[in-house]
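What follows is chain A paired twice: with chain B in the first complex and chain C in the second.
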Partner chain A sequence: MAADDWFDVRGAVAWVTEQTMDKTIGMTRFWEQKYWLSEFSAEFAMAGIIFVVTMLAVLGPVWMERKLIARLMDHRGSTIAIRSLWTGEGNIRVEWWKDLPFGIGVPIGWINGFLWNNFGNESSNPKVTQVGNRSYAGWWWALPGMINNFADFTKFAIKEHMPPRDADQVTYEVAPFIIISTTLLVFAFIPYGPSLYAANPDLSLVYMMAIFGIAPLGVFFAGWASNNKYTLIGGMRSAAQLTAYEIPLLVTVLGIAVLSGTLNIIEIAEFQMNNTLGSVWNIFLMPLGAALFLITMIAEVERTPFDMPEAEAELVEGWWTEYGGMRWGLLFASEYLRALAACLLFSLFFLGGWEFPFEDSLIALPLVGGIFGALFQVVPHSAWLLMKAWLVFGFFIWVRASLHRVRTDQILEFGWRYLLPLSVIQLGLSIWLRLGVYDGGPWPLVVPALITVVAVVLFVVLVLDEDEEALAEQRRPYHVSEINKASPGARINLED
Partner chain B sequence: MAEMWISMGPQHPMTHGLWTLKVKIDGETIVDTIPDLGYIHRGVEKICESRDFTQITPYCDRLCYASANTWSHSYIYAAENLLEVEVPERAEYIRLIAVEIQRIASHLMWLGAYCPDIGNLTAFVYCLREREMMLDLLQELGGSRMHYNFPRIGGVKRDLPHGFAMRCRAKVKLFLQRIHEYEALLDESTIFLIRTQGVGYAKPEEMVNHGVTGPNLRAGGVNYDVRWAHPYSVYDELDWTPSVERSSVKGADCYDRYRVRLDEMKTSAELILQALDGIPGGAETFHESGDPALIAKAPARASDGQTGFHHFEDPRGESMFYLAGGGDERGKNPYRVSIRSPMFITIPYAAKCMIGYKIADVPAIMGSFDPCIGETDR
Partner chain C sequence: MAYHPRATPNFRNLVVRPMWITLRAGLRTIPVIGPRFFSSGYHGKQAQMLDDETINRIGDNDSGDIIYAADRETSHFVKSISRPVTIMYPYERLEDLEPWLFVPNNYNGRIGVVWETCTACKACVRACPNDCLHMESEVRVNVLDMPDAPEDDAGLSSVEFAEGGYLARKNDDFEEIENTFSLETAHESAPQQYDFAEIIDLSGTTASVRWTDSGKTESVDLEGMIPAEQDIVSGRIDLGRCMFCGLCMESCPFNSFFMTNEYDGMSGLTRDDLWMDAARTRVLPVVHKEAVDRELAKRADKERAKRERAAKKASKEA
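Right, the complex of A and B next:
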């Protein structure tokens, strides 16, 4: 069972508060109030812990965004391999393990030498491809580049606050608070592990989706109140896009709730792992739902290719053009917090929450099962969840590095015309799976296997479904819906 | 929804320079546009009237920051026409190599700037990686990375350096392989296709009427390349065809303009390889500067009444220089220098092309015409 490990944060906090309250009996007039006081302080402490954990966890995406996108863009460069973070590559190779005492670094040297010799980047043209890993200092354990985030934060914090002269002052000041506070509230019900959550009401899923939908209002306020044409268009686009993608997102989430039979996030996660053998992650049961959830979530957190509201090419910086200093910094941080929340939710809903892949089967293995059992005893399960979330964020970065920005009308068309019907189909499939196939016990292995194979085949067919001849002949392989040109002379004059 | 004017520029990510595009929008649809140019007018033509013919060359380098070499060559051909100089053939070949390398670098700069316009920064880094190779080659020729001051009246500054042919062949062949990476990143991306196809139609007959030239015109199916139609250097001795895109009835869209530039980069790369093979005397031999094989003696003065003219295929279109001799009493300076900038003519037409599309198409359409404000404002 993945639900219990030694990393029982809630239990520890409850124990500490209980002890504290016990010690104060007789010293306070409110000793009768011991029970709610201890509960209150336990919850309060948990909220603080979750806040700190969230703030630390969001450093991962911010750092990854810098390092991973640099490696994706530096194709054929010297920093393409992730190991360039800790050993350097290209013409700068730092053999720091030679400085370790007693020769304990020799095996590390073997591994890195093997990687360099067999998977090093080809430098057929040294002057071109080997730029050198300029930022590398040799301290791999300090996560090169991480301290830059704190420098940026300091820079934002000491900047002057300059609202535009003609802005609607009250709304202008309130809008960032709406966005940032609702973003933080998202993390109230997101569990980081079996015992690491701030609160766990029965309807946490409903709350989650409701609180996710408030930020667009703040975005719209910000765009309107800045009294700038660019921010106005950005705010309008944001409102249009988020309403168009909120609905498929909600229908998809409804499908998850139907399949899992609950509206509680922790129970959804446990639904994927509470059977000792034969527990199945939701991604194998509803791959279409996973794709829909991922796409709509990328649109919800306004990342490329759906970063229309802040399209820097035509709208300078969209709705946050007029914000500067700490407000901009916090808005930017809330952007990453929302992305982190999206990744955590994807991991919880589809990737089995805090369960290691094939955890129970690995423990049940004949020879090495004991080793795995010890591993899962030692490493807290929250670590697996965080790693999954960061991997999903890595996928976000990959998408950002390889795709262009979609136009507003194309985004809306895609949302209403494709995502909404597909999410309704997914809801129907979920209902059928729950009512027709699920019988309360473990899933028969044929069901997820069949669904996954069908999904993979469909994906491959859709990817290969290109008109190769049209590509060669006319270079117009895709049908493009064309816009009718506006003709200013023929427009209806509203003033008449 | 009410209509409103948006002023894009002079400081705006879309502009690729310093100019203003005033856009009248109705919701997200563009109803009207007014381009506003002239922010960096330096008076190059007037400056040239007080410089002698040799001193003008570096000023012409500074006409365009993305493609300096073609502009100085453009001037040099006009000056040679004015001063009636016969250029050695080896110098012509060297000039051709320099200009074609510059053309590739300029188109790579365009592609690198165009992809962030529609939201992808990766292609920018890829393009600048290859542009770096081209700039290294130009640095070997001219000694500088941006403003080369390479050609001289009557020839070139110096010969191909030792080992240049080998390095140039290697880099150009590497570039011809790497160009497939762009096609994999852009042509096979549905989002790139739906952002560029069917957007920003420019009709060929309208382009001819407005005087749009260069890749923008060839994207519309008009086979007009100065190098091909009026061969000026040794272009007629090499085996090549200009890249012309077969566009649809509606005209050339952004995708056509992208394709034609990508093809032109391949053509230029092949021209370089051919020129390295066919250069008289061989690419490996080296002459000292001032050798008659590199530079012919040219008179320093042109009297009143003499005129020189040349039109030249710039990466952005047809650039023309008109020089009238007899500027000061001894005829050392030109009396008048007139520069025809292709982008000065293309930008107003490109602004017209946007009407009817969305705001998000402004960078997509404007960027596809490859504006360079240095030459536009002169």
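Right, the complex of A and C next:
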């Protein structure tokens, strides 16, 4: 089963610290202290490892954001113009190396000549003159665009810190640290795998959701303390929106806890993959809950279409406006960290945690089952969880590329009037599933199948909602607008 | 309330359709399946930038042989992965590639005039702040549309004496002009054969009129008078001066003047090309049919009410 694979980071760290303490302090007369010392250092090391893993994992979303959004929105991707060193910008190719003194430029010229000949702007079709390619189009295997993240970090790190003169200095400085620290604390309770987590208290779900809900307070502080009308509006919007979406989110999470019968995140994940317990992914048992969780989480991490607090077109980035340099960089990082946390939580709560889709069924296949078994032995299960999280973040990007930002009143109305009742309904369904259907063993297969089919049918019915009047309008070659005249002396049409 | 088909606010148009469109745009860049299943017909193809007419115009030019193409390749290693690029208007069109960017209904685009319902009142010409509207009209006798013309002729006897309308009287030298003037030998247009007058008041067989030439008001007998009407001689728009403010549309009392949401067909190679004559401002019949019908129905209603009022008045007098 998924819980025991070779990628046992916790066990390895515990073994290393134990051995180290045995060989060092265990030899001395303070040997009694070695037990708590080894435990302490193991936990400390795990916290560090989780921090590093988180920081590496968040590079994925940051990279995907700019690569995927370019594809989805049908624009050029933001990429690095290393190639412009030898191809130049547009059609202008500046041979800059010829200006270098002492003949340093000669070898650079050779290199650039080689690169121009091999990776230049010429097409294989002799009749085609390509319009200059201004983006990096070469080393795809080097993840072009990834290096930009490190360049951005360097830029933020060396920028000057300039708080506004009339800002509330203490609150202004404290606010980003509230946001960043709580964001990092969220990851203390999110398991990356069966043995890759920093802390696992019994009520980790409660801890995690509580800490996840502190950051909006920091956002509100930031908006207020910056002493700027845009940041204030942004902070207020953030407070209103996050309050409206926190409640359906928590009710939905409560439904998950009820269904799994536990308030521990790891146990919730294991409930979906353990043969003796539920062993059905929650998305098949509560598709409505999955949709609610996804929508409320997109709102919680303030991404489009719910990025009203930082609406860059109307509010100049909203509550971030007055932050610059490393503080802005960290806030930006924390935004992506929160998005990554949302994706990880969705994968853990609904997509079966670190289990490969239909893992047990694949292993049980007659001929190829052995191959799958070997695959799941070799690839650590944490990898599946990370891939699922990135996939969910791909969905976030897809949503961002597709949907418009929603108006303030529409966001709040949607949250209070639709999501809250739906989440309560979902909670009732979860209670019914747990008390009325669940019998302590694996779910009967008809239950998730039936629920999924009903959800899909409802979705299709919702999609096929046609507007006959609009279709009639569509048959016109173009539209001629009619206006309601407001000028003095205008004819008033009483029939309309 | 009629929405634009792609702007109708339902779940499909607000969520599903845009998400499918963006997904398709992303899937289009995948090597084998993308062009085959998700292509809109434009992506991944080299646009033939020069049509035959342009090639004729530029003549034997060296660059005529070269195809200028945007680089649609993402990678020089995996050349089959195509990359979304800026569209090449007018060979590619934005509505085809990015259908969610439709032109909104209230966009002030190319000017369209329903000439059938225009009455040449020139409210639009007076409203135009840039003096880009030009309309010439004249009062004339429509010889094909006379009241005494036979029914099977072109005349539908639509021109009648009416208050606010015009009437005409044959000149003294009408017969002389009729006999001596020849289009084959004349170098200028025919001299005026009629005197025109505006009808101020109409009662029975007499009318009080104001003669256009002399400005005198006079009561004349309708016997021997010919109904005349004001016709548009030319309606042209200097689009080079137009700023698309839409004041002309607002000023039109007959709903005949429109700003369409078309952005196309307004360019030219010379300034003269920007003079839009009636043919270029005419909106398509399918589009204006409703507007014309509505306007004509309104006028018919007005006419009916007027006749009823007249009949009531007559019965009361009797």
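In the analysis below, the second predicted complex is superposed on the first by the 396 of 496 C-alpha atoms of A that agree within 3 Å, B and C clash if a C-alpha of one lies under 4 Å from a C-alpha of the other, contacts with A are read in each partner's own complex, and residues count from 1 in each chain.
Keep this in mind: a residue touches a chain if its C-beta (ideal position, glycine included) is under 8 Å from a C-beta of that chain, and two chains touch if they have at least 3 such contacts.
Since the model is a prediction, treat every value here as computed from it, not as a measurement.
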Query raised in the report: Touching A:W398 in the superposition: chain B (first), chain C (second), both, neither?
Result: second
Report task. In the overlay, answer first, second, both or neither for which of chain B and chain C A:R165 touches. Result -> neither
Requested in this report: For A:R71, decide between first (touching chain B), second (touching chain C), both and neither.
Outcome: second
Requested in this report: Figure out whether A:T304 sits in contact with chain B (first) or chain C (second), or with both, or with neither.
Outcome: first
**Report entry** chain B and chain C footprints on chain A, overlapping residues
**Finding:** 72-77, 125, 127-128, 401-403, 476-478, 480-483, 485, 487
**Report entry** Residues of chain B defined as touching chain A within the complex
**Finding:** 4, 6, 8, 12-14, 26, 28-32, 115-122, 125-126, 129, 132-133, 136, 170-171, 174, 181, 185, 187, 189-195, 197-198, 255, 259, 355-363
Query raised in the report: Which of the residues in chain A end up touching chain C in this complex?
Result: 68, 70-77, 119, 121, 123, 125, 127-133, 137-138, 140-141, 398-399, 401-403, 462-465, 467, 469-471, 473-474, 476-483, 485, 487, 490-491
Query raised in the report: Within the complex, which stretch of chain A touches chain B?
Result: 72-77, 124-125, 127-128, 229-230, 233, 304-305, 307-308, 311-316, 401-410, 475-478, 480-488
Query - chain A contact footprint on chain C (complex, rising order) - result: 2-5, 8, 10-12, 14-16, 18-19, 21-23, 25-26, 29, 46, 65-71, 73-78, 83-86, 97-98, 105-106, 112, 246, 249-251, 253, 255, 258-262, 283-284, 286-288, 291
